[in-house]
Structures are given as C-alpha cells and as structure tokens.
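Per-chain residue numbering starts at 1, and chain names A, B, C and D are given in the order in which the chains are listed.
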C-alpha cells in the first residue's frame, strides 16, 4: 500500500525499449517490462520471462524455455510469438531508427519452436549476449498491441509484463505507475509509483529534504553529509558502473612519450581527490572499469602517487618546467570541475601548467572527441551498463572507434578481437586482464576512479533493493 | 530704494477683514554662488469680492509670490525665508499658510485657492487629455462621479469659449493652440469656484475679444461668489479694467501700492511712472502712414529719463518680396476610422496668401486658434503644409536643395510662442543662445561666441552672467527674452515672432520693440509679428493681416486696418482692446456670439473666402464687402 | 493604426522566418543528433548513424528540411521530438502556460514592488530612505539568479517547510520562482523608476498638478508616472521576453517545466523539431510583446502617436 | 534689473547638494578601492590564489589569519581568489557593458531619431535577437569561436546591446517630439549635433542607470555561462565562476559563494553611486 515518490534526472521522452539508451529509461522501463533474463541488484543473471536457456550447436543457437501464464498489462498473453516479434522489431527497420539495435547484431534471427520455446540463431559470438538480453533493447513487448496502435502510440503508452503498469505520463514533468496485481513474480507491495523528472541534483536534494520524494537518483556529493545528518533521510553509496579517466591525446606534443604520460599519472594524488573532493564516494582504479565490472583485475594496482619520481621522469624525458597542456572536460559537471582543478594543481606541482577547457557536454562527446580535436588530456567518463570490460575496452581502444580518435594499436586490436570472439568466460577474463595491463603499460589514460552510485532516500521507504545501475524494480518496496 | 510703505488698503467690503494677507514675505532660491532673494518684504491684502493686480517688471518676483502663497515653492527649490501668509479660509478658518501642514495645503489648493499658471504650454500635462485634467479637480474636491465631472468639464470649456468643447475634452495639449491651452488652464482653475483666484498672466495668449470674454467671466464669478482675485499682468489696460487695488513690484520688492485710480493718476514711485509712460496707447499713431520709434522712458538712479528720439521707420524695400506665401494650406487629421483613414480634420490654415518685403513688419493678428502659429511653423518647415507654395526670394521652398534649406534656417527665425518649452532644460541659456551661431558657423572663436552671447543678453535686458543659468531658473518674461536673443543671434533676415513680447512688462516690452525696430532700420530685417496686442501692432507694423478660422479676412496697411477696418471681425477686435484708463469698460455686446470651429468632416472643407481689393493693398474677404 | 498593425504582422512573419532559419541552421552546426542518440550504443558504425539520420529525415538537404518545417508550422503541425517522438505541439502546449504564468506573476510582483519603491526613493532623493532602497535593490543584482533561487529554497522549503521546493502544481509552486525573478527584475526596475521619476518631477505640470490640491499619491502615480512610463514599459517588455525564453537556470533550480527549459534541453539534446517549435513560439511572443510596447508608447505619450 | 545674488557666506548649503557630493565621494571611494585591491591583488597574493591544499578545504572564514575569508572546496584562499578574480570579472563586466551600451545606444538613437525604414530594420533585428535563445547563441558562438575571454566579451556585447537599443529608442521617440527639439531643428541644428546636444542629454538618465546595472549583470552572466558549462577556464578565478562553483555548497559552506557576491555588490554599489551622481550632474532641474 502507499505511494513511492521517485526523482529521476531526465525524461527519456519515449518508453519504447528500442528507442533509448538512457539510464532514466531503465529506472522506469525495468518496472514496466521484463526481459527473458533479469539482472538482480547484485549483478546476477536470473530467469525472467524465460525459465531456462541453453547454448547449442557450438554456441550458434541459444534456446529459451518461456515462462507460462504470463500476460501483458493489456491482457495479451506472452508467448514465443511475442519474443519473435520483439526481436524482429529490434533487428528490423523499426530498430534501425534507435540506438539499441547495434547491441544485438550478433543475433541473426529468432525462431519459434513452439509457443513456449524459442531459438536465437547467432551469426557471431557475443560473450556478453546474456547480459545484453537482460538489457533495455531486449525487453519483451506486446505484438498485438503494437500492431494495432502503432509504435508511436506505444512509445507514449507502453505495455509490458512488468510489476508496474503505466498509468499517466506528463512529458518532462511526471510519470505515474500503478501496481500490476497479476505480476508473475508476485504483486508489488506499493500501490503507486510516482516519478518526477528533476534535473538539478541540488533540487532533488531539496525535494528530499522537504519530504516530497523518497528516492533521489542524483544528489550532489557536497550534500551527502547534510542529508545524512537529517534523521528522516538516508544516503546510500555503492559501487557503480561509472568510471572516469583522463585520456591522453597520444598524438600531441609531450604526450607522445609514454614515460611522460606515466609521469603525469604519478604526479596526481588520486586517493586524496577521492577522499576529499568526492568525500569517499568513489574507488581508485587501475584500469578503466569499476570493481563490479567483468574483467576487473583486483591484483592490478594503480600507478603510485609519487611526484618526486614523476618530476624526475619528466626531466629525463626532456619536458621543460612550465610546459603547458590543455585538459578538456564537460563544463556543466560541477563535480568534475573540482577534480580537474585538483589535477591541474598536482600537475602544477611537477612543473606542468594545465589550462582547463570546459565544453558543453554534447559538443565534447560528439565533436571534440570523435573528431580528435581535444587538448593533451580529456575527460573520459563511461558508464558501462553491461558491467563488462569488453564493451568499455572495445569502444575505448579499438581502432577508429568513436572514443578512440588517436591510437591505432594492432596488438590491442587483436586482443580485443580475441576476447570478443570467445565464449569461454575464463579465457576471456584472462584476455581482458591482459588488455587492461597493456593499456596501463602504454599509459593511454590516467585512470582516476570509479564513481559510486549515490542515492538519497527517505527512511519511510523500505526494501528498495536499489541497484548500482539505476534500474529500479520496486517489487518488494514498502512505504510507511 | 524708495519703497513706499504699505499703506493699509481700502477697507474690505466685509468686516471680516481680508481673505488673504501677506506680510513681509521673502523667498529665496539657491543659485550657483549663493542665494537669490526673489521676493523681499512683500505685504499686501486681498479681500473677498475684490481684485488685486500685481504689476511690475519682468523677473520682479510676481510669479514666485503667487507660488509662495500656494506653498508651491517647496517643490521648486525655493524657500520662504520670512513673513506670513495669512489666509482667512471660509472652510477651515484663519491660518498662516507658511506654517500649514502639507495636508491642510492640499485641501486648500485647487479648492479654496486656485491658480492659473503663466505658461500654459508647459503647465498642462502632455499625456492626459484636457478633459481628464479638468475633471480631476472636480472629482477630488467636489466629489463628483467621473461622468458628472466630465459633463462639468464640458460646460467649463464652453464657459471659456473654446470651440468644439466636446472634442477638446479628449484632445491632448499639444494639439491645442497657445490660447486654447490658456483657456483650458483657466477652466481648470475655475472648476471648483475658489475663494481666491490667482491668475498669473492669464490672457497673454488670447486675442482681445476672447480676453474680454474671459475677463467678463472672471468678473461674473467674482460678483456671484465674492471671489477674491489676484491678477498678475503687465497689460495696464487689463489692470485698469479689472483691478480694485494695485501692487507694483520692482526688483523683488513692492515699490508702490494703492487703489487703481491713485496708481494710474498719481503714481509715486519713479518705476510706476516709467511703467505708465511706456504703455502703448491704441490710436496714438493715428494718421501716420509709417510706424515710428518713440523715445524710451527709462529709470536711471531713481530718475526718469527719456532716451532716443522719434524716428520714422521707413525701411520697406518694396521692389521684390522677401517671402511670398501662396494658397498655403495646413490641415491636421484628428479623427480616424478603424482602417486608419482620417474622418475629421482641423483646417488650421486654409488658402492663405501674403508677402513680406525686405525691411517690412507684417503683423499677423487674429482669433486664438486661427492658425497663426501653424503658419509660422509651416514657414519654418516644422509642420508639413498640405498644399500651397512658399517662396523665399523668389525660390520655392519645396524644390530647394538641402543646402539652401539649411541657409534658410539661418535667415528665417521662428520664435516659439512658448519660450519655456522651446528651451532645452538641460542646456544653459548661454548654450542655447550660442547654438545657432555655432550651427551656422557665424563665429569661429569660442571666446567671440561667448562675447556675442553676453551682448545679446544685454540687448534683451538680461545680464551676461545669466548665460550660466538653466531655463527653469528664469521668470516667464526672462525666458521670452532669451528666445528673442537666440533668434537674433544668427543674423536672420526674417524673424517670425510668435507672441514674443506678450509676457513682458510694458517698459521692457518697449525696450525690446525698440531693439527690434532698430535692427530693422540697421539691417533691413523683416518681421512676421504674431500677436494679440493691438497697441503693439499699431506701434510697429507696416502692414497687418487679420486671421479668422484659418483664413486671412483682411490685409492692408497699418492705417487701413486701424483707421478703415472693413471686416466685422477686425472691427470687433479693435473695439475689444482694453484701455489703460480705470473705469473704462468694454461694450459687452461686441463679445457675444457663436464660437466657430476649425474642425470639419473630411470632404466638407470650409468655403474659401475671396479677398477683394477695396483700396490699393487693402484687401478684405468678399462676404464682408458684399 | 489598422494599417500599422497589418504592416507589423507582415514584418513579424519576416522576423519569424529569419529567426527559425537561423536557429535551424545554427543548431545543425552545433552537433549531430544521430551521434547523440547512438551515444550509449556499444559500437556504432557509420551505417548505423546514417540509418538514424534517415529515420529522423535528416538525410535531406537543409533547405528541404526547413521548408518542411515551415509547411508544418503553417498547418499547425510542429513535428515530433527526436527524443522519443513526443509531439512538439503537446510539449509546447504544456510548457507555455507554466512559462506565461511565471512571467506574468514575476513581472507583476516586480512592478508592484518596484514602482512604489522607485517613486519613494525619487521623492526622498538623497535621504535615508533613498539610500536604503537603492542599496537593498542592488542585492538582487549582486548574486546570480540560481543563487537567490537556492537561498529561497533553503529558507522557505527546507528550513521552514512552507513551500514546495520545485515543480508545477498549484499556485504555491509559483511563489518561489516568481519571487526569485521578481527580486532580480526589481533591482533594475526600482532604479529605472527612480531615475525616470527624478527627470519628471521637476516639470512645471507637476507643480500645476500639486496646485490643484491633488494628493501626493495622485501627483506621483498619475501625473508623473505616466510621463516616465516609456523607459519602464520598454524595459518590462524586454524583461517579459527574457522571462519567456531565458530563465533556464531558474527554471532548472525550481524544476519549472517552462519553455526555457524545453528550449535548453532541445539544444543540448540537439532535438531540432522541439527547438524549432519552441523558438517559433518564443519569437511569436516576443514580436507580439514588442508590438504591444510600441503601441503602448503611443498610448502613454500622445505626441509620439500623432506622427 | 535683477535682485542681486546674496553672498554665500552664511547661507547654509542645501541638503541635496551635500548628499550629492557625498554620493560622489562614496562612489569614487568604493569603486576606487575595489579596483585598487583588485589591481594590487597580484602583488598581495603572488600565487594568485591558486595554491591548493585539499587538507584545508572548506575551512570557515574569520577563523585564521592565513585564510581570513575561509577556503574553497580545493582549499584555496577565498580572499585571494575574490581579489584576483576581480580582474577578470571587472574586465569582462566593464568592457562588455561598454561595448554593448555604445552599440545599443547608437542603434537606438538612429532608430528613434530617424524612425521610418531605419527604425523598422533595426527594431526587427532587435526582435530577431530577442527571440533567439540566449543559450543557443552562446553555444553556437562559443563552440564555433571558442570560449576565450575575448570571445565571451564579444558574445556578451552581442547579447546585451538590444536592451540599450530599445530603451534608448523608446526615450528618443518621446524626446524628439518635444518643442525644444523642434526649436533646434527650426534654426538648422544638424542631426549629429542635435543628437549630441539635445537628444542624448535628455535620454541619458535611465541609460546611465542601465549601464551601471549592466556591469553587474554581465559579471553574473559569466556565472550563468559556467552553469551551462560554457564559461572560461575555472583555474582563472572570477566572481561569476566562484558563484557558480559555490552553488552546491550553499548549505555546507556559504562563504564560498557569498564573498564573491559581496564583492560584486560593493563594486556595483560604487558604480551606481557614481552613476547617480553623474545623472544628477547632467540634470540641472533636479535640485530638489
């Protein structure tokens, strides 16, 4: 019983699973839709609309047994046709228009074996496929409903099999969900979910303080202590998917020298930054991934903070004191503004003058970086929702990828290729470790930290099962 | 300074004592370098039902006195430094207004004491309609409803004999002629039937017939309500007609006071004598073909002295006209339909033709609102003529090059009717006077310019140091003289003087006129002299044009007009001139009659009068001849 | 007058065309929506991008796209958002009332406060009251709008729990955003009123108004105020325009679903249809406001009208 | 013919006069002091407030001599940053206001004085400018030309001239119909001189006010740009940038954003006092 109020920082504008990649979609979509596979808050893949699955035919076929007696919110039954429809749609014309299709290109087609069994025919290996099938684009949608009403309508009035039904949507303002009493996994405890779209972290915090929301998905780190002091509120900080690094432009000036790049990394006290500026809401990293990521090597240690040695290395490399370099970053990111300034301060101490250049986020992401127009360093921030280093590393280091405007390293390409084409997870993990080590050795970036996912909560809400990736499923939640 | 001590005035008709009695009033203004005592030791009484005239030199503190009585000096930077203003209020009892609270003053102002301000142009709020500004007082003091007040405002406008009163209710001040604005001001002051009416030069912009009517109205009111009137004027004819008692002011002090007869017949103070000597008398030049400069009576060291000799003003060069105006027509659209088309027009000037020769003075007289200022503004290219041609030295204005037009702006000077409005409030008068010199590069050296400005100021009876002051620091007459100085500063060949000497006391007026005539004699200057003062017209003009309702109804030599007037309006005008002789009253039959309106529906233009020559050079509207 | 308005309408159409053309072009310079939409995808090929672009109709020449947009506007179809396909008209229809409400209330509040304060300061020029009013009015200018906004939230919502800190539900939500804007607007308005008043108060007709026995209030608010209304009207017109289109920062802090935020999000999301639609509406409002201001000039000063 | 001016000796000076000079003294002192401090700041704080000390971050003001006004989230001295930051802020504020007002006043004068075609063209430009969302212009402008200081100033001029233009035009429309303007026209005063001597002085009062207020506005505009991520290098301190950076610390560390705000306020107060004084100087009628 009761209503749970949730603040989201963004309105994706469309609730069609194939149309978006935004975290805020996941925060709602995962309540309305189910995938064949579901990922739990502790990152386990568990049966969703499929009760079991197995790879056959040398990993070229993946067979799902579907969950019986499941109905969409509009009463339409869930069956193999629905699965086929969903993937035909995702991989066909409709899917072309959205960003999700490219995640699922390893699937050739879906074949209906019987109403409760489907086969996925694969055209290339994809070791992360199961995780992806728990992802946004693979959410199962109702064929009849969509055929009747059209995609456009569906996007505004989504119907799924999930624990909550869509009830009212005011674009950019609010969204209301109501309990699905017939949910196959057991009906949720709260009657209603009220989402409000609040972009400013400070405003989310204020709303939380005013007691008008129960869950805030973005609160400013500087507010964490204040919120914790409030007896009615709580703050939850957990390992998250977002990693930050300063990527080096290896084509430019002093940055061409690997030793210089390493020296710069060693000149910056990342631990101090985490402790003070981020108030401990982050973890140091040695490679561009967080602890939850598949492929993270706990034995790999970040380069130590050692300004003296850094200075010596710079001197040896012939870098003159006072040499200046430029760091490009996302201007509106107030947190990173401070981090960037701190980095500049540390580098100043070893004789490197840094100028900081703020960019409007999209200009940086869609123009400056892909077109290789950056300064010597640039803010690289990545929230790999698959929690798999494959996805990240491929996008970051493979030649000509959008996030890799500068490097063309055959060895790295080969490694990336190898891991991507193997189903053997143990072997893959090995390769991923190797990649991480190689990247660190080449000093392609200064790994900074992996950012915690921080939620602000009202204590009246219980059993929220908050996940690190922001994909809420408030099936067990209760409110007082 | 031989100031005559204030003798007790004639006993008031009522035993109650005077309504207002001012005792040793002194007012000061802060000016750069010190304080200016504008009024010093002034004392007088005004009783109910009686009229006190204050006459005196321009700048002698008359307006300041009247503002001090209303305590308006509080707002203009002045300070009443001494004296008492005892007001025997019929409503709230006797009190000293100098000490009265702001609150008490408010209930007195506009209600028990009302004031007609000297400069009607700047006294009306430009952004409110006339009707609104009149009705306001009625709503405030008489507690009328808006509709009642409007109706009352309408009858007040009719009372002051404004044509088209209904339309004028909704007209804005800038669309009214000077005289019309002055009448609106009068209507405003009369609205609440005050116990004391202070009228500061209330008729300067009115032609004599309307002036006579207005004076009549004030007298009526006075008779009916026992209103006390304080009348500030320089027109000794008006004084003679209206006043019971007279106070004469000179340099901020009162030099003489007494009943009107005694002042006129037995003036004591030399200044009073000088003043009376300077009064131009209508008919004094009868039988003379040309105007003449008369000797001036001036006051020097307390003694009267005559300066100058009589000279015939034979300056006209009749070979070719300097300016010729042919069928000039100027109309204003005043009402529009929904599509923005004009439906009604004011026919301000309608098919007017005349010439001015070099060295000639043409006087333009006529009814208030008959289009005189509009002619002036049209000639000076400030108002677009609807049709007709204007030629200057034979060259048509419309076809002139920019350069020629610019030269014209030096050679023709228009002196605006309202001096205050036509002076930039942010510039010292020195700057304003020097501006034409600089504009036309008549002098190069800044010091020479400065010297010229000083000369000009002295010419018009001001002092060189006045150049540093700003317009608001002057009296009405002083501002008028500044405008004259400005017009003369650029050696014009034709000066259009629009009521330019109306606010000057007669002695200063005589000096200014003498100056203008002297310039005419020296440089062959021509004047288009727009005025209501028939005596001045007789004194200076070579020819006279009489206007009525936008058209010239009679034009001829000065002798023709004054000795052989043909048109009934001309005759009426001459009959209405007040005579500076106490007891003389105007025949009130002359001033009755319809008030004509220049506004017409589009397509219903007025009948164009044809002038016929009754004498060589003397032309009269046909209708009148027939 | 009729002709004047007609002429202005024609000019307005021209303005609209220029503005939308500029905006459409500028936003296309500043980034590719396909890149944005595919940002989260694992790896994107040029083919994928082209597919997305084709899906959005961006593969056609610019002028064709623009003509298409204009044609749509004429028949009242503003297109659909790139971000999810929401109809733009609906988005604008939702945002416009919020924006107008905020703009009106803030301006009203500001005028109601700043006119009396400004007049009071002018009348008491140089005295203590004047100094206090002048200094206090500057506070609104010395701190940025978001700063004031956050302060208000801290005070009125977090500490006193009187008002909802954000959102758009009911008149109470309007209080703080309107207050924030009013404080800022008043800073200028108070001083403008004061100055304009000082220029008018020395006029002869003010003395005349006083001589009629009018209460000081009538003298100031009727006779003087109207004579100095031109700078005020001008400025209020400008402020209205700003409020409609430019208060993104305040809208963000209060999570106010206005046109400013809509435009802002459309710009940062490179959501062309939303941006073009929003700007069209903004331009319409601004052109209308400026027309009203120009008409108001004639109303407050008949001398301007007569020309 | 005049009553003589009495000697001043005993005459008390008017109250308005005293205040006026006080206004000037206070304004000049305040502005002068701010400018001086800002100019000297580089000598007082040779490190220009850039020394970081993460251990001493967010220490409160008035607690220790070394950091009289406390420290910011990176442990830098707020006092030093406020003073050094004034250099950028004052430069941006003053230059952009200067540029915008000159441009706007000129355009407003031309449009209002000539009316007709000029007016139509210029005022439609104003309409266009006003209808373009500020952020879009900022984004296009800054992303095309880069976000250097010069560009930001140019950008501010572009976005601010409009208000001057419209204000001036409105006032000119009214003033040009006054009789003294007609009188000046009657004796042939040329346009340039007319505008300079009669139009401009009679419209300048409100414009001066707007100019002084615009300085503050432009200093703050920089913080809006920062808020939107378009500002200048955050390592170069500026008041606007500090205010923007301090906004998340308002509940925990008020001093980070309050002191730059106070600095803006003092500067603007000084400028306004000077502006008022100037206005009074130019208005001879205002000796109330």
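By our rule, a contact is a pair of C-beta atoms (placed from the backbone, for glycine too) under 8 Å apart; a residue touches a chain by one contact, two chains touch by 3 or more.
By chain, with names taken from UniProt: B = Glutathione import ATP-binding protein GsiA; C, D = ABC transporter permease.
Remember, it's a predicted structure, so these values are computed and weren't measured experimentally.
Using the contact threshold fixed earlier, the set of chains in contact with both chain B and chain D is C. In whole angstrom, the spacing between the mean C-alpha positions of chain C and chain D is 21.
Centres computed as Cα averages put chain A at a distance of 87 Å from chain B.
Once the centre of each chain is set as its mean CA position, chain A and chain D turn out to be 45 Å apart.
Chain A and chain C, compared by their mean Cα positions, are separated by 37 Å. Under the contact definition stated at the top, the residues of chain A that touch 2 or more other chains are 202, 360-361, 363, 367. Residue positions of chain D touching 2 or more other chains, listed in rising order: 139, 143, 177-178, 227-228, 244, 247, 251, 283, 285, 288. Counting partner chains per residue, chain C has residues 30, 150, 154, 158, 202, 301, 303, 306 touching two or more of them. Contact between chains, per the stated criterion, is found for A-C, A-D, B-C, B-D, C-D. Across the interface of their complex, chain D is touched by residues 201-202, 220, 222-223, 225-226, 272-273, 276-277, 330-334, 337-338, 340-342, 344-345, 348, 354-361, 363, 367 of chain A.
Chain D meets chain A in the complex at residues 50, 52, 54-55, 57, 73-74, 139, 143, 147, 226-235, 244-245, 247-249, 251-253.
Contacts from chain C toward chain A in the complex involve residues 30-32, 35-45, 48, 51-52, 55-56, 80-81, 83-86, 90-91, 94-95, 150, 153-154, 157-158, 161, 164-168, 252-255, 257, 261-262, 265, 268-270.
If you check the complex, the residues on chain B that touch chain C are 67, 70, 72, 75-76, 102, 105-111, 114-115, 117, 119, 122-128, 136-137, 140-141, 172, 174-175, 188, 336, 338-340, 420, 425, 472. For chain D in complex with chain B, the residues that touch the partner chain are 1-3, 5-8, 11, 14, 17, 177-190, 193, 197-198, 201-202, 282-285, 287-288.
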